[in-house]
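What follows is chain A paired twice: with chain B in the first complex and chain C in the second.
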Partner chain A sequence: MRRRPWAIGFVIFLGLVLSGGGYAAATNVVQAEVSSADQVAEGRKLFLANCASCHGSNGEGAIGGPSLIGVGAASVDFQVGTGRMPGQASGPQLYKKPVQFTEEQISAMAAYVASLAPGPAIPDAEYLKTTGDDIDMTHGSELFRINCAMCHNAVGAGGALTQGKFAPALGGVTEKHIYEAMVTGPQNMPVFNDANLTPEDKRDIIAYLKYVEEADSVGGYELASIGPVAEGLFVWIFGLGFIIAITVWLGAKAN
Partner chain B sequence: MSTNTEQKPTTFIGGAANYLDERLSLGGVLKNFGRKVFPDHWSFMLGEVAMYSFVVLLISGTFLTFFYQPSMASVHYEGSYAPLKGAEMSIAYASSLDISFDIRGGLLMRQVHHWAALLFVAAAGLHMLRVFFTGAFRKPRELNWLVGFFLFLAAMGGGFTGYSLPDDLLSGNGLRIIDGMLKAIPFIGPSISSGLFGGEFPGDEIVARLYSLHIMIIPALIIVLLAVHLMMVIIHKHTHYSGPGKTDENVVGFPLMPVYVAKAGGFFFLVFGVLMAIAATFTINPIWNYGPYDPSPVSAGTQPDWYIGWLDGALRLAPSRMDVELLGVVLPFGVLLPLVISLAFLAVVAAYPFIEKWVTGDDREHHVLDRPRNAPTRTGIGAAGVVFYAVLWAGASTDLIATNFQMNLNQVLTSMQILLIIGPVIAFWVTKRACIALQRKDREIALHGRETGRVVRLPHGEYIEVHEQVDKYELWKLVDFKDYQPTLARPNAQGKITLGSKIRAALSSFYFEDRIAPVSKAEYELAHADHSPAPSVEKPKRKPRELVGKK
Partner chain C sequence: MSEVEKVYPAGLATNIQKPIADPGIEPHRVRLTDKSEKAAKGAEQQIAVMFGISIIGAIIAIWGFVAFPIADLADTRNNTLWMGIGMGLSLLGIGFGAVHWAKTLMPDHEVSEARHQARSNDESRAKAIEIIKTADAESGFTRRKLIRRSLYGALAFFPIPALVIFGDLGPQVGDTLKHTIWKKGVRLVRDSAEGGTAIKASEVTIGSVFHVVPENLKDIEDHGEKLNQKAKAAVLLVRVEPSDLKEDPAKASWSYDGIVAYSKICTHVGCPVALYEQQTHHLLCPCHQSTFDLADHCRVIFGPASRPLPQLAIEVDAEGYLVAQGDFTEPVGPSFWDIRQS
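Right after this comes the complex of A and B.
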């Protein structure tokens, strides 16, 4: 699937000539901050070098990957920012890998993809804060249980889906990426647009997730938060195991 | 009774004891009871572990009843767990949260209670396996096996009802499954369900009903059954492992008073201590994470406590799309099949001592335990049962196996379904073969001693490996077991061979066709005729039958 270097060079050249900075004028209705022409051009360059092989040289999609027209800056920011993209041939679901680009490079590519067609933008900081009077964590936890827990577990410890797919654990994911996951619905996750969950709802969910992640565990060590199975294994292996060691000791003392 | 010549106790305790003895004549009872003998072996303490966990359950549970409120009426939570502040929930759930967050020591008590419940059933289960694999269920203890079996069921019931009390999302999901199972029973199911829940699920009565079961009926049942269980242990006396001087006619061990009781008292505190330590360091059932029960959401990783897991696994492993319509009623076999299979499994467990007795036709009393290898077929059956149970149990966590080991959920499910059927067969065969191999080795050792690896050259040039003869204690262990032989189907008084006796003969040959006979006296003497000096085996006081010669 890899193209020859000269082909890529040619595509870049052609692209630059054709676009000729024309994207500078293009504005994105959904997008919050207007990206500069330079950024878009830079993004396009990076895109052609790293992504076009799978997504097509204009993001229109190719054999290796879907069309990115209309997926918006949020999708790129999420996919590249969590290390999912550039994709790698894999099993049923693409895995996260170490992030390969800097913040600026990611913003540039996001700006470029956003310039192709309107789509969900990178969220405003106002929806990413986790403390404040207007935040309703109770609401957030309820929304999370109703909308997300069936895949991600009640405290975001992750869960299995069919055919080798899985919903990952949510600990350590940044507020921005959680928000973007909701608006873009990566792979097998449904999209939660602003009609399903308003930006405030999303903020409350994020606040709840961050609370769970950061709060001290009240009851002691958590055994991975995966519930009764871990508890059962624990009682058999360590609880009963330890007690049997005691019985053997007591029995041995007698003889 | 008290005369002037009798010495008066001088200490306070002495006085108190005397006071009670004069009025209740406890002394006689205690003397009798205190002279009971209890043998010492670690595996005989598993029942005790279960019993002490139960005591811990009673103590911690009593604390919880002071604060828990079994009501499904709805309130807004005002306690201190931030992510649920103001949420609408049942009083039951709110009071469980209060115990966890706002009542001093409450969370520790909740955790001790739950850990003790898990340990209770685990210890009882292992105790049951010990009884099974050593043949302790044979005459005269068949009835006590049954009592134990019902204790185990009651323990499971106690656990399940308790699990449902906090009325959180997890427990609600558990009840929903029970509701589904009940409704699957043809014809009468729906009415049983609405009777239990007081209307359509979830209704607003179930928590209060489960509460009466959980704190009164089931504990009372367990206490009564336990009393009967222990009475029977006292009446039958405890079994012991074979060894010189240990026979079907005696018990070798320590008297209950004072040695055993002192030890047991100490052991109780050890179990209590271990449970407290676990409860103080490890979270169990963090109900605040699951949120209040609401019929719509289901969390990933929804599982019951371990002892209900095998039933949940049976449901998950049953193929779906097996509904059959019959006479206008839909029979959901995806639910009924696991239900029937689980009940059948339990029935076989309950009936096992009676089945084995029928097959062997052995009507003698057995107080000396079998070494598992000396009953290869029984041990094989036990292993098959353990594997069957274990696969069902693992079946309840297919999703977690898939996520944590990065496997495909559907493949995990299919492999478990296959394993459920062939696993027990393989386990039976492998275990039985292993037992027989071990028996062969025992025979070798009994006849020729242990290999020492030392090779010597005899004066006439022959090389031999020196075998070390086992001492008489070892020898007894190696040869002291019953040797059953397959029986033939015999005609009855009317000269007819009934179907029953045919089945019995078939089972008998299934059990005893492959067997290794214990070393007989003649064999032993033959084997030692050319070895000098003869091992200094004084005859044990009461010789095992086999050594006496008859075979």
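Right after this comes the complex of A and C.
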């Protein structure tokens, strides 16, 4: 019997659903990870080799680096996971750079630092999803405007702070790292603990940020979203330039 | 010594015998389109192309409106973009075509009109003075003192009603600039459209920032009044290490275990100051870069603001919630001329 083309498509679809679903189910089980003593020991080794010169051999802090006691796994995961740590050079602010460690190594260091004292943990996956019926993006947008937009710009384009510091742009930052930044307050960012913004609030904020990152700008070309200065400069140069060119042409005699 | 007799030093002397020569009128330049029939044909075609672009622009505008119907807000982007481009081309095409037509093909006779003297001739001037004198004699304006003076009086009183009306254009400012709705015992609540929740001191961990309004703000029914009161009463609540605070002993009781509350309204021109850096304790105003040191009673350390942000004295009530000790002790927001007389 001759196979119909749609039958092949159906078989492929079924295979994808089964393997994808099976994978999701399996990883959900693994998600409930518990840091083992081995992991902490491995993390301590990495910490002594890479971090201790600034943060002290027991994470107590030293010249050039603050104490890490009580900063929690979330802080390590954010700082090392975005490449800000190990720090490149001292200055007003540490920059994002290529990540220096593998996922396992970061988890081990996070487990070690978390073992020093209780602190914010790496967020659960349920607070990092950006779609679902329980997500209220409008609420996230309101919270973002009240708590975050003054530094990070209304659509997360970032902005300047004092003396060379800046609030980074939030486009392209993973959901997990945004959550961790809110809960730990890296560098000069204030802390937004769970009593201020609940995990559900944080999830809504992240969903809003992911929406504006992907949605088209309603008002046309957004000029990097940096607001009235960029827009004003654009109009000054191109708008007025065009008007001046027309004026010159109007006043000129024909050849 | 008159101006004419005055002897000027050589360097400043002006030689009025040789003024700048009148360059006269530029010679007429014959246009290419007048010299060559081919060029004239070319210009004709260019003008037709411009009018044609105008027609195409109008079609683009109609197409943009039909092709991108506005179902939700995001659709306005392409709709307005193509309508705008189309209508812009349509109008510009007519304008450019008309100007190009006038410049290249319409007659280009050059006409010069010399300016006449601004001063009237003596005959006209004498006639004008004669008219004024006759009018004065006939009306008796100079002769009848009573009429003249009562007219002056009437003209002086005439604008006064306008002054009275303008003086009553709006409500008096009164002391609204000097007070907010903060009162003793009013809870600090989170800024939220639905009406925020109260904040416990234990929830404000070190490095935390809360954007705060007074709890009694939600009792104001009138929307405009609510916004006015919110604009004055908005507060930023921060906890820093108590040892980092440089507190004036007289104001030491205004904070609670490192938790401080400051007006969010910049003392320069009233922008919301809320860019807080938790390591440096700098509070930055985004409008003109005024920077306040939150750990030192919001002293101005940079920028155009002239006085520190007013501090809201806070304490904790029996249930552990943060409450105000009273209103701000000085006016919030931009300074005004009698600000000290509060």
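Criterion: the second predicted complex is superposed on the first by the 210 of 255 C-alpha atoms of A that agree within 3 Å, B and C clash if a C-alpha of one lies under 4 Å from a C-alpha of the other, contacts with A are read in each partner's own complex, and residues count from 1 in each chain.
Here is the rule we go by: a residue touches a chain if its C-beta (ideal position, glycine included) is under 8 Å from a C-beta of that chain, and two chains touch if they have at least 3 such contacts.
Predicted model, so just to flag it, every value in this text is computed and none were measured.
Annotation: superposed three-chain arrangement on chain A; chain B versus chain C shows a clash. Look at A:250: by the touch rule set out above, it reaches both chain B and chain C. When the shared chain is aligned, chain B comes close enough to touch A:236, but chain C does not. Of the two partner chains, chain B and chain C are each touched by A:217. In the overlay built on the shared chain, the residue A:98 is in contact with neither chain B nor chain C. By the document's definition of touching, of the two partners only chain C reaches A:185; chain B does not.
With both structures placed on the common chain, the touch criterion links A:172 to neither chain B nor chain C. In the superposition on chain A, contact is made by A:195 with chain C only, not with chain B. Using the contact criterion defined above for the overlaid structures, shared-chain residue A:162 touches chain B and also reaches chain C.
Of the two partner chains placed around the shared chain by superposition, chain B and chain C are both touched by A:146. With the shared chain A as the reference for superposition, chain C clashes with chain B in the stretch 259-267, and the other listed options (133-141, 259-267 or 403-411) are free of clashes.
Residues 142, 146, 150-151, 159, 161-163, 167, 217-220, 250, 254-255 of chain A lie at the contact with chain B in one complex and at the contact with chain C in the other. The part of chain A that touches chain B in the complex is made up of residues 92, 137-138, 140-142, 145-146, 149-155, 157-164, 166-167, 208, 211-212, 217-223, 225-229, 231-236, 238-240, 242-244, 246-248, 250-252, 254-255.
Chain A contributes residues 142, 146-147, 150-151, 159, 161-163, 165, 167, 185, 187-193, 195-196, 215-220, 249-250, 253-255 to its touches with chain C in the complex. On the side of chain B, the complex with chain A involves touching residues 40-43, 45-46, 49, 82-87, 100-101, 107, 111, 114-115, 118-119, 122-123, 126, 169-170, 254, 263, 267, 270-271, 274-275, 278, 280-286, 288-291, 294, 296-307, 309, 396-400, 402-404, 406-411. Of all residues in chain C, only 29, 31-33, 73-74, 76-77, 80-81, 99, 103-104, 108, 190-193, 200, 202-211, 238, 272, 274-280, 282, 284, 286, 289, 291, 302 touch chain A in the complex they form.
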